[in-house]
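Labels A, B, C and D are assigned to the chains in the order they are written; within every chain, residues are numbered from 1.
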Amino acid sequence: MPLELEPITAPGRAFVERAEALVPTLRERAAKADREGRFPHENVASLREAGLLGALVPEELGGLGVTSVHDWGVALARLGRGEGSTAIAINMHLGTSRALVQRWHAARASGDTAGAEAAAGPLRAIAAGQLVICATATEPGTDFLRPNTTATPVEGEEGTVRLDGRKIFVTLSPAAQLFAMNVRVPTEDGDRIAFAFVPASAPGLEPQDDWDALGMRSSGSQSFRLDGVRVPASSLQIAGAWGEWSPGLLMGRTLANQTLLGAFLGIAEHAAELARHAANTQTKPKAQGPIANLPGVQHRVGELEITLAGCRAALATAGRALDERLEQAGGQPLSLEEAHAAMADYQAAKWIVNQGAIEVVSMAMDVAGGGAFMSGNPLSRLYRDVRAGPFMQPYTPTEAREYVGQVALGRSPKG
Amino acid sequence: MPLELEPITAPGRAFVERAEALVPTLRERAAKADREGRFPHENVASLREAGLLGALVPEELGGLGVTSVHDWGVALARLGRGEGSTAIAINMHLGTSRALVQRWHAARASGDTAGAEAAAGPLRAIAAGQLVICATATEPGTDFLRPNTTATPVEGEEGTVRLDGRKIFVTLSPAAQLFAMNVRVPTEDGDRIAFAFVPASAPGLEPQDDWDALGMRSSGSQSFRLDGVRVPASSLQIAGAWGEWSPGLLMGRTLANQTLLGAFLGIAEHAAELARHAANTQTKPKAQGPIANLPGVQHRVGELEITLAGCRAALATAGRALDERLEQAGGQPLSLEEAHAAMADYQAAKWIVNQGAIEVVSMAMDVAGGGAFMSGNPLSRLYRDVRAGPFMQPYTPTEAREYVGQVALGRSPKG
Amino acid sequence: MPLELEPITAPGRAFVERAEALVPTLRERAAKADREGRFPHENVASLREAGLLGALVPEELGGLGVTSVHDWGVALARLGRGEGSTAIAINMHLGTSRALVQRWHAARASGDTAGAEAAAGPLRAIAAGQLVICATATEPGTDFLRPNTTATPVEGEEGTVRLDGRKIFVTLSPAAQLFAMNVRVPTEDGDRIAFAFVPASAPGLEPQDDWDALGMRSSGSQSFRLDGVRVPASSLQIAGAWGEWSPGLLMGRTLANQTLLGAFLGIAEHAAELARHAANTQTKPKAQGPIANLPGVQHRVGELEITLAGCRAALATAGRALDERLEQAGGQPLSLEEAHAAMADYQAAKWIVNQGAIEVVSMAMDVAGGGAFMSGNPLSRLYRDVRAGPFMQPYTPTEAREYVGQVALGRSPKG
Amino acid sequence: MPLELEPITAPGRAFVERAEALVPTLRERAAKADREGRFPHENVASLREAGLLGALVPEELGGLGVTSVHDWGVALARLGRGEGSTAIAINMHLGTSRALVQRWHAARASGDTAGAEAAAGPLRAIAAGQLVICATATEPGTDFLRPNTTATPVEGEEGTVRLDGRKIFVTLSPAAQLFAMNVRVPTEDGDRIAFAFVPASAPGLEPQDDWDALGMRSSGSQSFRLDGVRVPASSLQIAGAWGEWSPGLLMGRTLANQTLLGAFLGIAEHAAELARHAANTQTKPKAQGPIANLPGVQHRVGELEITLAGCRAALATAGRALDERLEQAGGQPLSLEEAHAAMADYQAAKWIVNQGAIEVVSMAMDVAGGGAFMSGNPLSRLYRDVRAGPFMQPYTPTEAREYVGQVALGRSPKG
């Protein structure tokens, strides 16, 4: 249990405590949802009741007002102790809500009352538990910077574009009323990358109900086809050139994804808890009591705890670093170099947490013994869930070291 | 593909080639058997047709006459490339058949014609594909040296004992006609550990049909209750004091289990193959072709291949070492120290192969990308199957380092 | 450079900045001092001039008033970027000065004016750069809790005890005016462990001038013989039973040693800096410019930076955790369980930093190439210096996992 | 001691036994030679007396007739147990002698009596202990395939070229009568890579006496300047295009360097031996006898032994694989693909042995405790010597994974 994480701000403490209170409920529901591969709408209801859908919404708009990325990550870890699927699912919503908050602040800072109100509306709805937003950024055969879901003007419908393409791993989608997604916008000056917002009810937005995965089975991560989905051209938020990092895109990705690591830390923490429990309750003749008496069990638990401590430290330090960076920026945009540095911080933490959490779960299984291999044992689910971590974008283990190396060597990574 | 393993004896080559020929068939059946958690009797039929049930039976008794542990392990790896469950299942049978061969040789060497024939009978049946034997050595809450399944004399039935207890992880059991198991035999001079042989049809031997696990789902590893199972007292083969290693027990465990590592190597080799295929066929814009163009993919594949090469080297070297040790012994029993040295060789290989195979599968998933997380992708099954390795007895990761350390330090481990 | 550490308090910032300012000077002197295996008194002079000898002394007594363990560790890392030997040497002094500060606070809190002044005196001298104290806790063939340097009453000299024994690895000793050490005090109720304070000039305290080591060659870590060293019996501070952890001993060891990790982090940071420089300045034909162009170099640098980030995160998080723990305690003693939890935090960080720093230096050598193997290249010194980490007490890699495992499993470690 | 390596051929056995017999002598001399950084000519004399200079020379030419790469590697490991510097130094000579043997066989096979005799002469001299050859292939700022030491025709001296350039890490050079080196030969059809042979006495071949390194200090690895060294143009052996791998260059590099791994394995084996000895002889109160009683020591030794077993297995399996490959080729050249496969085998083994040996030495230091950090303790030398491994060409850790990945993915690496 070395280096356990605690929140550092008052709103963060509320977030963490409420998340922690949900752990028993989430655990209770986890096995069934996993077995059925079903999205547990009841978990979203519980999060709503706990006021967590609006965790990042400012207090004056009805939310908890959490601003610390550190605390957000810690709260995710608490939810992850309950169930990984729900933790990653809700983070998709939280990340998008945070982006809205940023827009609200920016509009207010620049005296743009209309813009502020345009953001305040959905934020109030989020805080009231009436709006769940889901962000989707993944497509088959390409990467975030190079989406192939394309916005093309509709002939004869001035000011309207149609979106066509495919999105995969759309976590949380069964519960969402609104989808935020990256799209490709051809222009005369080259392609642009933009964010589009599509209501769940939009004609042509077709959920595929095809989520059947190794783990995170109740995360609702189905794929979607977009077949002529109409949105107003003016609603597209241009974010930069297609295929190129900009400070905004980098920070957006970092802010939306860094806290996801908490979910995997939480899974590992749950596994560690199960391992300790197993060690203190299982007996063997040669242990003359609980197997926790055996030096070999003590060693494996020690190894597990050290690895877990490393994950905690990485998540916490990356959270504080991002908090600090944002505070120093004071709402001003960062340079490309600073944004890459922020992403590199996240990537270092991501590698440590994703790999470490997998190891922790595996070591917990060693401690718990053969029973951990049975489908009915939660450790066997955690082993499946935790493996989702390295797949999370950006970056995967085939990309992260090169990215971090390039940043450290003073280069500006291209993808 | 560095350091690929090949057989080193002629019978071994036959074993390996026939195993290799079964790979496509085993792969074809694997997904369905895994999904249904069903024992694939058709795989046993295929092994029978290929003459592999009698792989270790001497040629003069109708078998392939494989004697090399190295080659046996390599053949297991080929089967493991097909399907892990079938590979570990058949190894339970092969290990027991090898013990019978040893008894046959010993009886012949000592001029014990009756004893030789007693072993030859089942060996001929094995070679003819009429007999499948399953060894079971695991019970809940104790270890191999301290079984609690107890043989007690039946009052009024002179020469008969009853067996009562419970066995778990009885891999291959749905196909077995005969079960070999370790039992506890109370005597006036203290408890003994003995091997008992129980026909599948014996009253009181009750399969529990309770195998529902994370992986190796088609290995038929259900548990059994023994409730007053009658066997002749004379059929018990006393192997030593309960709770203590003897050279015979050590060598028996090493010989029966070392080649199991092949199954896990084979799983890793299959994963590596899938990773290479994915790298050469998946495309991404930034790769300007297959993702194998990306340095990051090349690095991860290289890392994977180096880890895999280490697994291969460990299995091969441990196989050769055991071949050599047995040849030098020339049929004579080894000392306790030599037997511990043999077990330590196996344990070193076990750690390297079990941990390495898990890493290889995980790295293969990194290379193959998010699709590898889907239930329909074989890599997601391999990830589940490969995790069975460290649970295999003896020893698990909570025990192995201490064991090896004690042997290296000149101590005689107690458990 | 991910997750770079910065101080979090104002006095800490002063400490860190002054330490950072010394880096060029320390580096400049390092090679010669290493080659000669000589203690660089000029470095102590520089630290004195920079006001760092009194870094932990309260401002009202003339010091910098640093109280944050986090910041202390960060400052050590900055010194470690300069030279590891000097960083660990000065930490021996800082740790002892902190213990004195604690005594000063405790005395003031309890209204013990005389006790407060007894501590204030040396603290003022420390802040004035007139007193360097060196703590020594290691003896051959035993451990910290079981010192064999024994305090025995001197017959005919009422109130005087003599100390006899041997202390090894007495880092900083050539510069110290005072030595603090753990000793064994036989009593009627069993042996006690106590701290004794011995002036450098005390007859019978014999430096052996025998420091000739692989690394940390300019740390002055010679051994001492104590041959009838006289000290007043009343000056011995009894700390608990010989051979048993008490909360005070645990916290004392944790506070004195945790920040040492900073020195090893600093060494690793220096190595990383040299690696980046080498990558950006060395050229090779196949790189068509600096080798930083090569994907393999980028990968290795990325791997190095991720490992380094993990070390930083561990040190920072452990520092903050200890700060938090001390603040919560508010000067009150911790329970044995809390003190073990604090030690376990430190141990987790120690494992990560010590092992990680070794790996970072080794990877830096990979990047820098064969030149890094030459004696004149600073990396070859860092490789030697960084290996001192795991030897630092408590605990070494043969003990740490067992310790952490026992604490995590709710047991109270005995040694 | 799991998976200890033994020779598999009769000449190999002789080589290994004679090498093993030298271990005490080599150890005895090691500390002094290391401290002085002096080349120990007395070790070459001992090797000569033991007949090991001609280990690879055919028996009919007076040598031991070793042909097995496996056994050669095992013998190197035995020498490495004695002293690493001498092991790597002699391997430079052995590798070159093996190339000569290959030429002798090829000439005989093609009926080229003169060519055969041209090779037989130096081979007889080698077997008689009268000739030591040193191969050098490294230059600053470039790689093996792109040497900048250039052969240019000497105006007015028909048939003579001059060599100008610089060679570094010329191990064994103080003992060599002849130097083999790769050079660049400009031609009308582009640059060629060729091997040149230069007598130690050649004017313009200038040893720099500049070997002062972290480890391998008695390996005589000084650098050389070549300033107008004259050699007959006809003596240059063209090996392919400058900057491109050919099968011959690949196999030459693999054959010359693979066995070097033995030296690093031997160093690790020596360290393991010292660790076991320390564990069984050092005592501590809490161990109630030797520290080998402590579970933590047993665990660390077990971990060490497993890592060491992995190194042994990798070296042995790579040796057997190369033996097998050469036997199958039957003296015929391999295809480029086969030659890359052979190199990839070697690279996998190299990574495992180089990294593993470093870890083994470090873990041995953990077991032996603080004394291992003292200059007088052989472990502190082994820690320095063993770090040379990853620098050995081809390939270093910044290159090897990419290389292996490319080969595994069916690509033909370019450098």
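Points to keep in mind about this one:
The working rule: contacts are C-beta pairs under 8 Å (C-beta built on N, C-alpha and C of every residue); 3 or more make two chains touch, one makes a residue touch a chain.
These numbers come from a predicted model, not from an experiment.
Farthest chain from subunit D (centres taken as the mean of C-alpha atoms): A. Of the two chain pairs considered here, A-D and A-B, the higher C-beta contact count falls to A-B. Subunit A and subunit B have centres, each the mean of its CA atoms, that are 41 Å apart.
With centres taken as mean Cα positions, subunit D sits 50 Å from subunit A. Contact of a single residue of subunit D with at least two other chains is seen at positions 295-300, 401-402.
Taken in their complex, subunit C has these residues touching subunit D: 138, 141-143, 146, 168-169, 212-215, 243, 282-286, 291, 294-297, 299-300, 358, 362-363, 365-367, 369-370, 372-376, 380, 383-384, 387-388, 390-391, 396-399, 401-402, 414-415.
The touching residues of subunit C, when paired with subunit A in their complex, are 1-3, 6, 272, 276, 279-280, 292, 295, 297-303, 305-306, 309-310, 312-314, 316-318, 321, 324, 341, 344-345, 347-349, 351-352, 400-411. Taken together, the subunit A residues at the contact with subunit D in this complex read 295-296, 298-299.
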